[in-house]
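Both complexes shown next keep chain A, but they swap its partner, so chain B is in the first and chain C is in the second.
Showing the complex of A and B:
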């Protein structure tokens, strides 16, 4: 953003010297010690309507407005200096200078002033962005600017936003009639911000006019009932989002433990391998394909799958194969393997967490309704979970491999008799489970920290989901993960994260005692085997 | 399962450590002084503590290059307590009784410090603790080079309540669930009461160590902030949970101008793994920022950058310095001065010599070790996050202020002495 602003400044600079000078006293006041004086200067400059003000204010917002010890204020987009008031180039650049720093209070005034100036821009996108900027707490001083812009504006969306901003600003108007109209109009909006703006007006200490107070109370009530719906939807979404993460973490285990019966304590480390594969791909894309750096996540899907699958198959061939039917030994051996994998990651990548960035298209969120912002990374992960689920279902139900895996699970001896290569099927099935874990790791890398022992935090959760869902049942795993996610999130909202974790564990213990076979139990003759 | 696994890991690790300890013992020459470095190099706290180990090693190398201490070379002994609190105590015991170190620089979380305290008291060791903490402690065997609550938490909240800080009237106290956030929030609650903020306007929330799903908490904060009064968040989240917290904050579109978040355990180092553009304007309170301009700091930053390059640290070209690193640097130098003054590394003699030591610190002031209370007099800075992950100082004290380890906002503390008991 900063670089963009500087670039923008640079291309506009050649036009600078031709302009009329700004009030030098006001420009100097921008560098004042006292915040009040600086804000007054920003507001005065902002409402002057002079388009050159924009460059100065933008420079202030991006830390490229400088001041010399004797109070000369100048723009310094890169290595050239331009006087802030006249726009003339200062050559040579002053020897001693400092960037004028701003704090949050000044920044919000500055944002509003800049937005106010851009409202008259011929480009619709710029005006729209400016109107959006003004949605949060525009000052009363901007009312004339916004009024002027509204009168000229033809675009319906911008008009709507502007009117809303005007209403907000009018809440501070000295005229009770304007306040009343604004309060009534704002009652139709359902954002938490509006509620926050209107609440003080219901208090006689802040609002003298009884009619305004009454209208504010009514508006707040209307907003609250609409907000409650958004709240509940938000909680369900966060629950599903947590559930999707639990599901991705547990799905691989559902195959290796649930279907094949291997108690794989190294499952968490297979997640870790997948996450590091994502980190590796990010590095490859950043150094070789910087133009497509945002798409490393897509390229990481097969890489994470293969990396974890290969590690998983290697584990199966070297250790686990020799321990089938001996659960305790498997448990100990895979535990040892998990320690080896953690140490290997420490040696290869260092003990510290590594940074895996969200691509731009997975950052930020979408406002689906007032007060409910759904983050893109969570939405993408829910979609990804569905994709992985479909992949597993197709593999298990529609392919020859899936058929063999199910046959070996149900009756190993009989499957062997009819010619299924059971040993190879075991390796492939374990590889599949490990690969799915790798995909889970890829998803985790987008929301959680990637480090050598990241897997340990998920192993308990994963076993919980598989056992709760019913061993051997993929459908059970899905329901258990979603149920646990939503339950945890509702409890968290109610009791806090620490207590919620305890309560969930207690519920699971009680549930498993009452129903040891889990949510879904296998039925049929082969169960006893 | 977790504990059993940790136990196995611990045994494996400690036997390894014991082996390496033996090896280094035989290599020890007579004219060296051994110093212990006790920081987590793995686990949830590694994000913060690894840099402190590097700073300590750098400072030691620098002291050695300038003739060592009393003509003797310093030999660092590095151990990794792996963010595992009981392991801290074990490692501390190993450092003092087996490796025979004369001083230990280490710990970040208060829970790790509390875990090693009995060891240092029993063996009469010497610990330099470089991180801001909750106070409520004054031990003869510990020197606290980080901030006490009145040197960080209280000024930060005062700033939030001031006009320039946004004039906050409602507060969310958000932290990781252990002794430091709980105690700090207790002090802050009492402080806010004294400023006329009622309990209805304070929300307290805790998450476990390593928590990574902050959706619910962000939603709660948003809701709490929409009740008509300016709201601010005071975050005492520690370790790598900060990364998902700030990611979620950015994704939810919360801007610093709407709901400012001031953090007490987030510095330049923790922000390295985060896209800071959505976080511009969020605050941190510390006693040092890398962006502070003075010749001492320039030299300090250069020294660390050169060190990172020489040691080929991961991402050596983007390394940053932060407050606990500065406190580590100050601590080691003050210990050196005290040893030279006492002409001995004996714990009791060094403790006596530490009183009143001064050092020209990178924060731009000559900081002083209080003659009595084992805490540094430090200046306080409040900074806002810049797009490049550094901080702009928006508020600072005129000079160093004296630490109050016993916060006056906790009842009963007025009777406690401001110097530790000596045996």
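Showing the complex of A and C:
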């Protein structure tokens, strides 16, 4: 039964072009000897806006439009023939016929005409695709079709695309008034392509009309200033996004180094642990919960935090605890720990970088304005940074643990006297700093490579942020991270990435000479030690 | 009453010390080079290329470790950027070595191969005079000294010390590494300099040249030790250790720590640079990874393993760590980093005075 239905459908499909006949004279002209006559016929058929023309023109484009020696034009998709003008089946197939061959000039005309016809198609997807195709170099002859389509079109996106194509086509219009209107309209756009389109019209060699030249110059200027704004905003955004990554990397360090005075060179490796925890969760979700694979990132938040926190507390209990008050020794010992962690990651997961994918809901971006697309993963990371900041603030200011940590920071002996278990607080505070590094590692896994060496690249940067912000100052860390991020991105625009990095390091070195205590220095007696 | 210089010089070391030094000189300046050059390959007494190169390399490292000891052990300044001075010395001498290749490179050009590759037509201005051996020697000393003096002046003037100082020296070497990684910097990008052919016209791979470089490294090491000993037994050394232990008090007594620190810091950088210049022709390559932060921290661990503030300790430390590195990276390549990491941890936790301290403790216990 099913097979029969399909067979029936296949039989009826070619018969569908039973419709109101096209102008037989025009159809006949498609097979004319003279190219100009054929082009005229294509254009006339195209502007008619009749959807049935599409079939004929497509057949012409794919060499399946045939002509008999006596000038009868018919379609021959397979082994059956249909009259081009009426769509009626011709049986038997004519004994003698030839495919109508077309040259490149005709082909480009044909493509335009087909595009124009598709603009009037009832299916939105077809119209949208056609409008997209018209974005680059639409022919002037399509203006009437596009105008017609625009008048009928209700979809906002397609209207926008069409208007742009129409304006663009009108730039070549022989009518100076139309050109002027198009130039003015395009001045509201803000893309480098539009600028490229308008630029020739500012030159007297290409544009005779002074008014149009003037308008074109004004439009180019408007576009350029809008592009510059977009560019600057884009740089500020990437700067903030870089800053928030720096902040996530440095925030844990600000707790362990700034608040506790421990120089933790293994901090970068705690980031790595967090990133590998994300990788691990991705694997778990892919094999056990493939339906929710995109949400592994959310599940990884507590896992990354705990993994790094546990590693951090283990380090504190075994090594760092014995070195309080000896910062240089701590530095060397934690460097040794970082080497061990790196090698452990190599042995466990291999020396190569592992693949941690962005969930689908984090790919793509929002277009805020023309030429300025904000990628979702960056936006999510900025939001995540805010979340972590809030978390740290609540933990440090609103919980008993935070109170104890602050008490031990300010006066260890006195805190011990009033019953704060200082040793345990040290372990917990170190675990907190390490856990936040783990969250930083999770964020990094979404934008950077995950591999055994990944932490090494961040350790210098993180220290710079903490030192610049002022030791023991969480607020300073925030400003330092954002400032460094934005500064780096702006410098990169002028000098390239490597020089920008060097310049930033030199600026920090010079800055520390001037203000050894960082941006937000503690004043008074605290300054020496 | 002033002690005559000769007496003061002889009194620097104990009798055993002088004998040990003479023995070391006899072995490294005469015995090993002779065994390497004049004893045929099949003779069991022949000293192989490998031993001579490894020995020369380790003695260069030992010079760096002693230089590190001068500032860390005696002045309490932990530099995590000494690799940059070592590498700068190496690069300065490497420029000369590159020019000595002449037209024997793959492109048969008078320019170094990497410049031909970058399509440069002439030498950049800072390569002027790089074909002169004397100018190369001058650069080896002057460039690191200038960088160290400038950096040290600003850092010590604003009284940056302790961990802060360590971290900004780390930033310094990191920035330098990034800078040298660029191809446009004109020092061969991430490949650096390699494929050296000769020094002063002599073949760089000949046994005679290897032995000469080996002996020069040994001489440099002995001179560094003597210089360190001389300085640290002088009044200057006393002031320096006083600054290490209580900088504010020394200031209140009328000394300006800036001059003392700056002098020892610059001297230490220059010693590193000379070691780097001797190192490069022996290993045959210099590239920016010598400036990586990991390399610079490793220098600190050589000094710590041997024992800080002892001069001889860092030599032992450099030798121990690098010999075990040569062994481990061949025998158990996967475990070298575990071992090195554990070494860092164990030395800081249980051996704060290093091997020399351990030796002293054992000897004292025997006496008591």
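Operating definition for what follows: the second predicted complex is superposed on the first by the 338 of 529 C-alpha atoms of A that agree within 3 Å, B and C clash if a C-alpha of one lies under 4 Å from a C-alpha of the other, contacts with A are read in each partner's own complex, and residues count from 1 in each chain.
One rule holds for everything that comes next: a residue touches a chain if its C-beta (ideal position, glycine included) is under 8 Å from a C-beta of that chain, and two chains touch if they have at least 3 such contacts.
Predicted model, so just to flag it, every value in this text is computed and none were measured.
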Between chain B and chain C, whom does A:35 touch in the aligned arrangement: first, second, both, or neither?
first
Given the touch rule stated above, what does A:159 touch, chain B (first), chain C (second), both, or neither?
neither
Chain B versus chain C, judged by how many residues of chain A each one touches
B
Could you tell me if A:508 is touching chain B, chain C, both of them or neither one (first, second, both, neither)?
second
Examine A:489 and indicate which partner it touches, taking first as chain B and second as chain C; both and neither are also allowed.
first
May I ask you to decide whether A:498 touches chain B, chain C, both, or neither, giving the answer as first, second, both or neither?
both
Once the structures are superposed on A, label A:456 by its partner contacts, choosing first (chain B), second (chain C), both or neither.
both
First (chain B), second (chain C), both or neither touched by A:333
second
Taking the superposition as given, does A:321 touch the first partner, chain B, the second, chain C, both, or neither?
neither
Does chain B (first) or chain C (second) touch A:464, or do both, or does neither?
second
Where on chain A do the contacts from chain B and from chain C line up?
265, 335, 338-339, 346, 456, 459-460, 498, 501
Contacting residues of chain A [partner chain B, same complex]
1-2, 35-36, 63, 101-105, 107-108, 111, 136-137, 192-193, 195-200, 231, 234-235, 238, 241-242, 245, 265, 335, 338-339, 346, 350-355, 357-358, 363-365, 367, 371, 373, 375-378, 447-449, 451-453, 456-457, 459-460, 489, 492-493, 496-498, 501
List the residues on chain B that touch chain A in their complex, please.
1-2, 5, 8-9, 12, 41-43, 46-47, 50, 80, 163-166, 177, 205-208, 210-213, 215-217, 219-220, 222-223, 225-229, 240, 243-244, 247-248, 250-253, 255-258, 260, 272-273, 275, 277-278, 280-281, 283, 314, 384, 386-388, 392-395
Could you list, by residue number, the parts of chain C that touch chain A in their complex?
78, 80, 154-155, 157-160, 162-164, 166-168, 170-172, 174-175, 178-179, 181-182, 293-294, 297, 300-301, 304, 334-335, 337-338, 340-345, 347-349, 352
What part of chain A is in contact with chain C in the complex they form?
263, 265, 319, 322-323, 327-333, 335-340, 342-344, 346-347, 456, 459-460, 463-464, 467, 498-499, 501-502, 505-506, 508-510, 512-514, 516
